[in-house]
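Structure, as structure tokens:
Residue numbering begins at 1 within each chain, and the chains themselves are lettered A, B, C, D and E in the order written.
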Amino acid sequence: MVNTDTRSDRPARRGTPIPGTSSARGVPNLATRSQEHINDNPLMPPIVDGKAVFDLDSGKYLKLWQGPQHPGITGNMSLELVVCGDEIVECKTHVGYLHRGFEKLMERRSYIQCFPIVCRIAVPEPDFNEYLFAATVEEIQGIEVPERAQWIRTLNLEMARLASFFMWMGGMAGAFGLGTQGQWTVTMRDYILDRFEELTGGRIYHMYMIPGGVRGDFPEGFTDRLRETIDTCEKTLQDVERTLFNNAVFKKRAKGLGVIHPDIVDQFGIVGPNARAAGFARDVRKDHPYLVYDQLDFEVVTHTDSDAYARAWVRLQEMYQSMDLIRQILDRMPAEGPFFTKLPNVLHWNVKPGHIYKKAECTRGEYGYYLNSDGSDKPRRIYVRGPSYTHAVSLMEHLSIGCNIADTAGLMVSLHTYPPEVER
Amino acid sequence: MSDQHTQTQISSAEVHEVFADLHTRYGVRGLEEKRADQAFVRTDRDEAVAVLTHLRDRHGYTHLAFLTAVDQIEEGRFELLYMLHNYELRHDLGVIVEIPREGDGCSMDTIHRMWPAAATYQRELREMFGIDFPGSPRLHEDFALEGWHDLPPMRKEFDTREYSERTYYARPGRTKTDTRQHMKDTIYPSEAETW
Amino acid sequence: MTQMILTKALYTVISLAVITNYALILIGTMARIRAKVQGRVGQPFYQPYIDIVKSNAKRTSISHGVMFFLGPVFRLAGGLGTYLFIPAIFGSVIFSNFSFSGDLLLMMYFIFFGQLGMALGAGESGHPHSAIGVARGLAQMTAFELPFVLSVVALAAQYGTLSITEIVAAQQGGFTHWAAFTNPLAMIAGMIAFLGMSGANPFSVVVAPQEIPIGPPTEMQSSFLGMLQTNRAIFNGAKMVLFMNLFWGGAAHENLLVAILIMVVKTFLIYLYVTIVGASFPRFKTEQSIRFFLGVPTVIGIAAVVLQMV
Amino acid sequence: MATADTQTRRYQEPGAPGNAAVVNPDPRTVTGPAGGTGQGDVQTVDGQLRILTEELKLANADLRSEDRGNFCDHPPEVIKPFRAFWENFLNWARSESLWILGFGTGCGAIELRPLMTSRFDMYQYGIQGRPTPRQSSVFVIGGYASVKTMKRIVRSYEQMQGPKFVLGLGSCTINGGMYWDSYNTVNRLDHYIPVDVYIAGCMPRPEALLAGFVKLKEMIKRGECEGANRYAENFEWYKANQKRIIKNWDMPDYNW
Amino acid sequence: MSLKDLVTPFSVWKRALEKPYTNRKPLDSRPGADRYRGFHINDVDKCIGCGTCESICQNEAIDLVPVEGRKTKHGDSGLRPKVDYGRCCWCALCVDICPTGSLGMSNEYVWVDSDPEVFRYVPGHDEKPWNACEKGYRRAEGYDLLEPKRVEMPMLDFSESQKSFVEMVQGYSKEQAMEEADRCIECGICIATCPAHMDVPAYIDAIRRDDLADGLRTVYEANPLPASCGRVCSHACEHVCAMKHKGEAISIRWLKRYIVDQIYANDYQQFLDAAAPENGRSVAIVGSGPGGLAAAYYLRLIGYAVTVYDANEAAGGMLRYGIPEYRLPYDQVDKDIEYIRSLGVTINQNVRIGADVSFQEIYDGNDAVFFSTGLSDPYALEIPGEDLRGVIPGLTILDEVTKGQKPDIGDSVVVVGGGNVAMDAARTSRRYGAEVTILYRRREVDMPADEEEIHESQGEGVTLITQAIPIRIEKGETRRLKLIWGKAEMVPDDRGGRPRPRLIEGSEEVIECDTIVPAIGQQADYKFLPEEIAGRLEFAKGMVTVNEFKQTGDTKIFAGGDIANRKRDAISAIANGHSAAKGIDIYLTNFAAGGRA
């Protein structure tokens, strides 16, 4: 029934990468990673029935757990590694340490009661949850959000991206044992959080983009302080760029690490900077402009090396891009206007029946909410599509084969995964 | 704006073309156009994998954004939703497949050979909904839960609050007073209107 | 004779006490300096003392067997041995330790000895991260030993002796006499090897928190850890004094206090050098580290030796 | 769970007010096995009814036979503090050298990061992170604990060397927080491990965390943080509670 | 590995020469932002304990609890929210939704304790360091989860309305009703205040669900005259409505009316409970006003044979004869009454007790008697000239109009009084083309009439003169009558009541008019009671004394309506009828000879 050899008919991919740039280290295609290929490698275990078989008693292999309490793991999750010497021959990602059953909880909460909990789904970058939840509900209900609210939301999302990238940047340096930049960048993130706190009343969980608009306008003098903060951040980021991206040892570690071959990008559902570093100019902000992104000027950042260094570079450029976007937003947004539109009484709000999928470009790529409403006061189903889902589980399991134990942290971080959005 | 992004959005006609193709080949039905860039269709369980393959290989829907299920308990079925995306046309297409909730019928063909990442989704669906995907790797390993032996928690009949109260006791000592009852008790304790 | 032994014992105790306390304060201070580059204030300089007291004040501890217990003991012994056979201050009666009876070879043996002891203890703990850490540590040690040995050989050839005291003695009389300037190639090879020996970035492959938290001492706790912390101070002090003696003219002055001051300044700068490099670079992988040591520093070391031969 | 041979009735009726003492004994006041009244705890083994005594419960009656070995039932010892002055000095050292276990169990980990980096710099207060439980003295429970994490929390807590301290971060540790009705998160942390200080908030700001540490330091100096001994004294009670929620104890046989 | 890559990393040390980022004393120097969502504060005097915060909280972190020293009263449940910080997630939705705006959040955020039980408190009541905190989160201007404005009721234009007796209030459409119903926050504060304790939130919810049958059922549980009440109820509920603290109260009355308007009388039977079969006992009811009808309805519903005796041609009492048609059309009164009649209640019209049939006869012939005869004797102005022709009591005018007679009022009318009867009389007169002036002794705010009545009467061109005390009536020169009145000043009441008017000596003014309508209240007429029975009853200030089951001194006799309660409105009478029905049932079932028990 399924015709597997269809590649010749497949339409050309947009933004196809420059050929010959993928590294020799990358496992080219899942299809070619066949039994023979693996069995050729004496380090690799024999494969029986499509599964690797390890004789742990042989002394050749060692089972090694990284996480959940492990400084190299991006949060509360764990990797079950089977290593041969220093080389990883099998990796299983274990998640669920943070599973709170959000999707279930939302099914027994009214729509307004879902609003405070969605932001907890991705802790370091909660705003995309807020926005997408609000946007799906608004779209199903047919609520028009005032223009100023749209600008404020865009600003919020870009600030969130910037803050999240800052934390990631520190993590990237830290994954290779360099703590200095991490100390700076987390502080920069903190400065942005200060602005968030001023604007939204919350530091980590902003709970600001409520269906219908936002919960408050700018406080007095906010834009000036935000500009100042962005200037400070930019200066520090330049320092980080100079000392990290021109760092001999960092380059040695990151270049050639965890190459994602362009062919597997779609097979593994890879999105965001991970895909852009593989040469795909895909960005939801451009492809499906939401909020006011169609009124902002920016270019999609791409790279072709597709290794940890390329991904870090893409993210670095996107941080500058975010700063630029924040400045653009501050310059162009309407000076005043309503920021909230009337909702039905939220205490007994029955959202119209229907279903919709909305997505936005978070730091890790396509973040999406699927809302299925049956016309009652509670959602029938909300599905949260976090990009970490595929990146942290199947992609990580795929990429780590053949890596050094020492590289797992760097590889993991370079994929930029947040476990809470995997398990929700 | 860069010129690579000045491509036109998919037109409704193109969506209809894809739909017509799927309809004649596989009897796909129920086209719902939500937005210019998003539509949903429904297909039968037996045709689903063929439809997905066809979409991926002939129509450029190469990206599986997610796979999930919606519990339509009243109708005794799950709706599996395969959300596909076409980067060429910038179009989302949700393929909905209905399967029975109970018994042997609560299973679906695996698509991990088409999208290796789908294995994870299928593991989660088995754990959270109890949907079987024969042949999917590591299907019966724990995913988010560990040592779970109650109903699959995302099924509608599973009551999370009841489970929580039964399992993880809340801190005692809280009292609450019903406003209406309290006002009745203090303002009109013995009047005869509440029969 | 008895009196002589007692006097020597007293001197040793004093010398040990001074170096231990000095190294503890130095470690605390260096943590503050590292904090500075990270834009923060950092821990109090006396924090290492509290940490040691705290570790020893733990009420419970777990031992994984005799070797587990002996590991830190060996390590401490290695540290003491290293220190006690180098003259901390050249010409001082109190601080010359047992330098009369030790030479470079013995001292190198002690450096190894501690590592090996630790390897045994850590291996006994049964924790895979300990084992991996040990493997990495030994592998890297083998690698950095090579440039180190080469530079030592160059020095020995230059001065015609293996005795540290004599090497220091030969460097007296102005900084131009220091081996650093008379034999710069040996100094460079030696100082690069010293980076590896200190276990700071980019050669921190042994503890490597993001990779194998935290390597060999993973299972070490309570008083075992206390012992390791004490040793860390002594061993660090010993290494710095050693390199000061080898390349930087040692510390010597007729006034003991001035001599101590010289030692303090020199060792501080040596440690600062490690810190400066450590805060600027990430960590190599083990094989990268090995390749590194077997590359440029070894070549320089060989050059130094060859230069002496010629 | 696939209890092939053992069917156990729930041995405590939840929430029933008559059972309040069973459900919620204050670990600080309870001595001896406080887990249950003994009545109503019945199991069948191969169809034979059996009263489930406290010993049976502790003997992992709830667990699959192959899982029982994974469970440490050996109660820790209660270790009495030294005499006044000496203990005060040690307590001072303990309070000024707090090593946090680097285990971000929940959202709370996100605010530990600013705390341990330059903006708030916890090192200046003698606090630092430690990647192994063996060396750590403070366990910061970052909010909600899912059952899967709870298992690791218990393991890590037991691996820590006493005296050890627990900071409960955020509402979730106090009474379940916003996940009070989730099927996968515990509501009361003090049911499973002893907690020294709670910090209200969701998320608590780093300053609130610092305040928690300040409070913890004061308490340690006053000798009030005897969580490890409390755990040892009420070991059966804690174990019974842990076993009630954690059904799968299978873990790799080293640290985590 | 270029040289640059080896050298540039060292530039991190540049940072070492700069000021550290570290905040040395963050606890002191970093207060929460001005809008920070910290710990809750509550202005407990402003708070009414409506519990909306409790219902929006997704964490169930808020409990309403009684607090010391706070009494329950109308419009204030006396409960206050208690927050559990073991649950709270600081989303501040409770602050956003709080209708009174009493709830807020301070920007304080530090609370650490070793005892997990302490993290619960009643904001504003329990002593907390942040109680006086000025900063912190408040609902922003321009953001509101609740709609403060009610849906405007379509009304006849004043120019139109003053011409005819067509009902002025036109009623909500479905969309309007649903929109208005949507505003309700379901706090239920109103239930206590409604004399009949109708379950207002429940029937408003039924409107939202568009399940009007259910709404009707709910309404009939406490009020068998909804078509009438939905128009003329004094809506005490709306005065205590929590939404009133935010803006306008929910239009509870109009929503009730909406339910009834949407259902044909013929359909009532299929939605409402049928009457139980007769149980062999009978109850006589004297007076077919709201009290009597309510009692009749509930007694019939549970199986009593009910006979109503009424002196007028048509049932309804004051609903029909005291309220003009433009406010309450007669077909609406009929709708209510016909349904009650359809359950098997016998209503004997044109029967005057004491004249056509003796009270004793009724008393002896039934197991119990409920009387609710209302206030029929108008108070006199007690000023000279009151007996002149052209002085017509307000009630008389309304009565005549109902009976289809054109009242003899001439071209100009002066109404004395500030109650609803005064307004009705004035506006009725206006509809007959008269120039109308209302004289009232106190200020406008003191007027007992409904606000909208006052507003509408002025809209229809009625002149209102306040603080005017009539002094005497004389024969007029150009007109039939001349009213001399004096200006009043308000003096504080020594006993703490509302300020009292005092005549300013020498401030006499004159109005000439054709008719003077005194409408300053009425009193009861007990002449129909035989002396022997009257002797057993107790009276106080013209009212029959009854217990809470509306039982009088004679165990068989129950009384209600205006003669037994001070509120003197339809809904109170209905409530009395309801209570009496319950009392009669309890009495007959358990205590009367031959009782079923």
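Some notes on this structure:
Note that a contact is a pair of C-beta atoms (placed from the backbone, for glycine too) under 8 Å apart; a residue touches a chain by one contact, two chains touch by 3 or more.
All values reported here derive from a predicted model rather than from experimental measurement.
In the absence of chain C, the touching network of the other chains holds together as one piece.
Just to note, of C-E and B-E, the chains joined by more C-beta pairs in contact are B-E.
If each chain is reduced to the centroid of its CA atoms, chain A and chain B end up 21 Å from each other.
If you average the Cα atoms of chain A and of chain C, the two centres end up 44 Å apart. Here the CA centre of chain B is 36 Å from the CA centre of chain D.
Mean C-alpha positions place chain A and chain E at a centre distance of 57 Å. The set of chain E residues that touch two or more partner chains comprises 9, 12, 15, 20-22, 24, 32, 58, 84, 86, 89-90, 116.
Of all residues in chain B, those that touch two or more other chains are 142, 144-146, 153, 158, 160-161, 171. Looking at chain D, residues 102, 117-119, 121, 124, 131, 148, 174-176, 178, 180-185, 188, 202, 205, 254 sit in touch with two or more other chains.
All chain pairs that touch, listed by label, are A-B, A-C, A-D, A-E, B-D, B-E, C-D, C-E, D-E.
Within the complex formed with chain B, the residues of chain E that make contact are 49-51, 54, 63-66, 71-74, 77-79, 84, 86, 116-117, 120, 187-189, 191-192, 196-197, 221-222, 548-549, 575, 578-579, 581-583.
Residues 20-24, 26-27, 30, 32, 39, 58-61, 84-90, 109-116, 119 of chain E are the ones touching chain D in the complex. Contact residues on chain D toward chain B in their complex (touch as defined above): 1-2, 10, 14-15, 20, 23-24, 147-148, 151, 174-176, 180-188, 191, 244-248.
Chain A makes touch with chain D in their complex at residues 63, 65, 67-71, 75-76, 78, 96-101, 104-105, 108, 116-117, 120, 123-124, 167, 170, 182-184, 186-187, 189-190, 193, 203-205, 420. Across the complex, chain C is touched by residues 62, 64, 70-72, 86, 173-180, 183-184, 187, 243, 247-250, 252-253, 404-410 of chain A.
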